[in-house]
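First chain written, first letter: the chains are A, B and C, and each begins at residue 1.
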Amino acid sequence: MRGPVTSRLCPLRERTEPRARTPVRRRLIWTIAGFGTLAVAACLFAPLVGSTRIHLSAVFDRSIPYADNLDAQIFFVARLPRVLAAALVGSALALSGVVFQALLRNPLASPDTLGVSAGASLGAMMAITFNFDFSLLGITAVPLASFAGSFGALLIVYGLSAARRRGTSAIVLLLGGVTVQALLSAIIAFVQYLADFTQTFRNVRWLMGSLDVASYAPIGAALVPMAMAWAGFATLPRVLDLLSVGSESAAARGVNVERTERVALVSASLATGAAVSLAGPVSFVGIIVPHLVRLIVGADHRLVLPASALFGGAFLIGCDLVARTIIAPLELPVGIVTAIIGGPVFLWLLFRRA
Amino acid sequence: MLAATDISYSYVGSAFRRTPSAQSPRVLDHVSIEVERGSIVGLLGPNGSGKTTLLRIVAGILPPLDGRVLIGGRPIEQLTRRELARRLAVVPQETHSTFDFSVMDMVLMGRYPHLGPFELEGAADQDIAREALMATGTAALEARPFATLSGGEKQRVIIASALAQASEMLLLDEPTAALDLGYQFEIAALLRRLNAERRTTMIVSTHDLNLAAALCEQIVLLKAGRVLARGATKETLTAENIRQLYDIDADVQFHARAGHITVVPIARAN
Amino acid sequence: MAVISSRLRLAASITVVLLAVAVLRVVPRAADEPRRIISLVPATTEMLFAMGAGDRLAGVSNYDRFPPDVARLPKVGGLLDPDVERLLSLKPDLVIVYDTQTDLKRQLERARIPIFRYVHRGLPDITATMRALGERIGMKAAAGAAAARIEQQLASIRARVAGRPRPKTLLIFGRDPGALRHVDASAGYGFLHDLLELAGGSDALGDLHRQSVEMSTEMILTRAPEVILELHYGDSLKPEQFDSERRVWEALPSVPAVRNNRVFLLGGDEFVVPGPRIVLAAEQFARVLHPDAR
């Protein structure tokens, strides 16, 4: 029987052993290597494939003047921005999905749950219906109004979460957010009612989601809130693990629960707002990518967060590839492809849990 | 080693007012307790007497309205959350995990206060976790998903994760409330053994009088947010105090085979 | 006895006559000269004015804008939101409805109000509808003359551009302002497509046989149209925006239309209403596609 003094569980022990390879570190390396390869391969492969054949040699052939080089224009204007947008939107939605699921302690939560996505849609609907006319640094009215809408929704939900009493569970945040989402959806319906024929048509098209951005300016603009979101996400992995087991346990282990929840809420909302204002609401990515990733790497958020970012991007690049080739020369809206894939997968996940 | 002096707390009525008024109902009213190193202290009282709130305040999860908590002579506000977590660990009544963590994952979470913000667990942390599992008799469950364990096994794993936190004090909130007789006995034995081997200080909140009698050397009786009585278990857990606490006439006797007091409720007091 | 029976006979015949009059007043006659027409379709409103029956209109839709006379007529809603109460309160004797407005048709049938069902698929339907409407309201000759006038004007445009090479044309119904996103283009079906072909252009997406299609950037580059026509209706585009909107296309310099500066922004209600003014639409197309044809 070991005496208390020599036990290694003796408090305030100094650690002197060197750090050796451990499962978490090894799994992290393999996870990033594996999913990173997948993401990079998707980014390299997707711009080369499409409804029209292009030749890589012609794309980079400097001797042909750019204005005449059809292959180069298809590559740099039609496809590459699209692939980059898909990577950005896919990874943003997947990351927000993971964070919302942990924050709300609910595996069925998604970026749409708290109403940030509805806020973005409302902003876009208003810009289309009321013919907003401004633009800023090359970004047109619809994406700008859309992001403003998502930010407004975030402020409301943030205010609700800041006003709640300490020690309350995530239920209050969830209910408040769901209420905001329902309220915004009702306002969206009203705005759609006010729209005339053409505007209704444009509204409906926007709601189906489209990654065909055709220029780099909106992607650059979306990177600004995304970078802030990433800065927030970087602090979250381990604390999300602890939080998902219980906020009081987390607090007792040294987590600043209130601050963590706020950082999680704001980061995930910024990422969702950036994604939806860039490409419209793309369904299911934020809810199924985290689950698929957890099936492969387990529940540790230090693995799930980077893996979801990489897999989410690759997944959406893949869906967009299908969307633009499967009924060529016509295109399916990418939201339909993610729904067709995501719906059955989601049902399967539900039945698995039950 | 731990002293909570003059603690008062009130859950404010409205969700939007943070500061309570003088008329707000008090969950705790000028409660003081003192816990010596290496002792096991029980907090007893009926539902709503403020036991859980007091535990939360002592653990630093809730700030008190009045009074302060000192650990090792230092007020806990002066410690960072991580420092405090290295000195005391909490075992909640029930743990429900949203995601599919394994038993090892759960225990390793207890190492959080000892690691830097981006530091990953090393081999040493793994060893500590395994030791904690062995100490609670759950080493064989290491790779199993936490959600598939029985109630008693879950509770032992949570105690293991609290042990992995390598703290000198454990706070346990109703540790056996959801467990059957067999597991109740097991947990009580485990806690006694840990206290004997490692001199871990423990504060156990419970309304199981027999558990308190078996486990705790000292008890504090709370009624409606105030201390009714405190002292050594033998002297404090009396029929009179039980009547005042629970409105129940009970028979309190020393049980020779068990080696401690037992409490048998007889009738409703009037 | 004979006196009583003859008086009885008289009373009976008077009763029958009175009954007949009452029945005839209650059951509406199919009016062959309706004088209180309500038109929910802007195209038919214009047609009625073109055949000289504008004074017979009692109400128009919210979207009617031409001729200026419609401003003083009561408005009763449109395709998606007809104001049935207002409509009934105007006591029409003929209502022109869209064939797809099934609820409205049912309500009008219940109120025993005659309806004219408006169906529209392509260019030939315009003059066919004019003639059918003219016959319905008892102005067959005037309607026939107006329809013939339209057909003759269209034929002369067709003749003017006959034999000339037909440029591959992208006819764009709408897109996001300021960006090349959500581009909706004509794809081989509908009256605008027919007008384009008549005016000497070749629909770049004609092989798809759809009313409209949302085009991706890659599609625009691959189809490489020689002329791009953008339609902007009503007051959706201010003059100072024409330049900036045209410049949006400079992102795709390999498209022949962009390279040869053949991107045109056209505006006007004549592109939206498949009525008598399509001749103006065809004129605009022809002038832009074949500026040297006279």
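By definition in this document, a contact is a pair of C-beta atoms (placed from the backbone, for glycine too) under 8 Å apart; a residue touches a chain by one contact, two chains touch by 3 or more.
All of these numbers come straight from a predicted model, not from anything done at the bench.
Contact with both chain B and chain C is made by A.
The chain with its CA mean position farthest from that of chain B is C.
Of the two interfaces, A-C and A-B, the higher number of touching C-beta pairs belongs to A-B.
Spacing of chain B relative to chain C, judged by their CA centroids, is 79 angstrom.
Rounded to a whole number, the gap between the C-alpha centres of chain A and chain C is 45 angstrom.
Mean C-alpha position of chain A lies 40 Å from that of chain B.
The set of chain A residues touching two or more other chains is empty.
Those residues of chain A lying in contact with chain B across their complex are 1-4, 7-13, 15, 17, 19-20, 22-25, 28, 101-102, 105-107, 163-168, 172, 235, 238, 241-242, 244-246, 248-249, 251-256, 294, 298-300, 302. Residue ranges on chain B touching chain A, taken from their complex, read 11-12, 15-16, 18, 56, 59-62, 80-82, 84-90, 92, 95-102, 105-106, 109-110, 112-114, 117, 120-128, 131-132, 135, 163-168, 171, 197-199. Considering their complex, residues 50-52, 66-70, 73-74, 77-79, 82, 131, 133, 135, 140-142, 196-198, 201-202, 205-206, 210, 212-215, 324, 329-331 of chain A touch chain C. Contacts from chain C toward chain A in the complex involve residues 63, 79-80, 174, 176-182, 184, 208, 213-214, 216-219, 221-222, 224, 233, 236, 251-254, 259.
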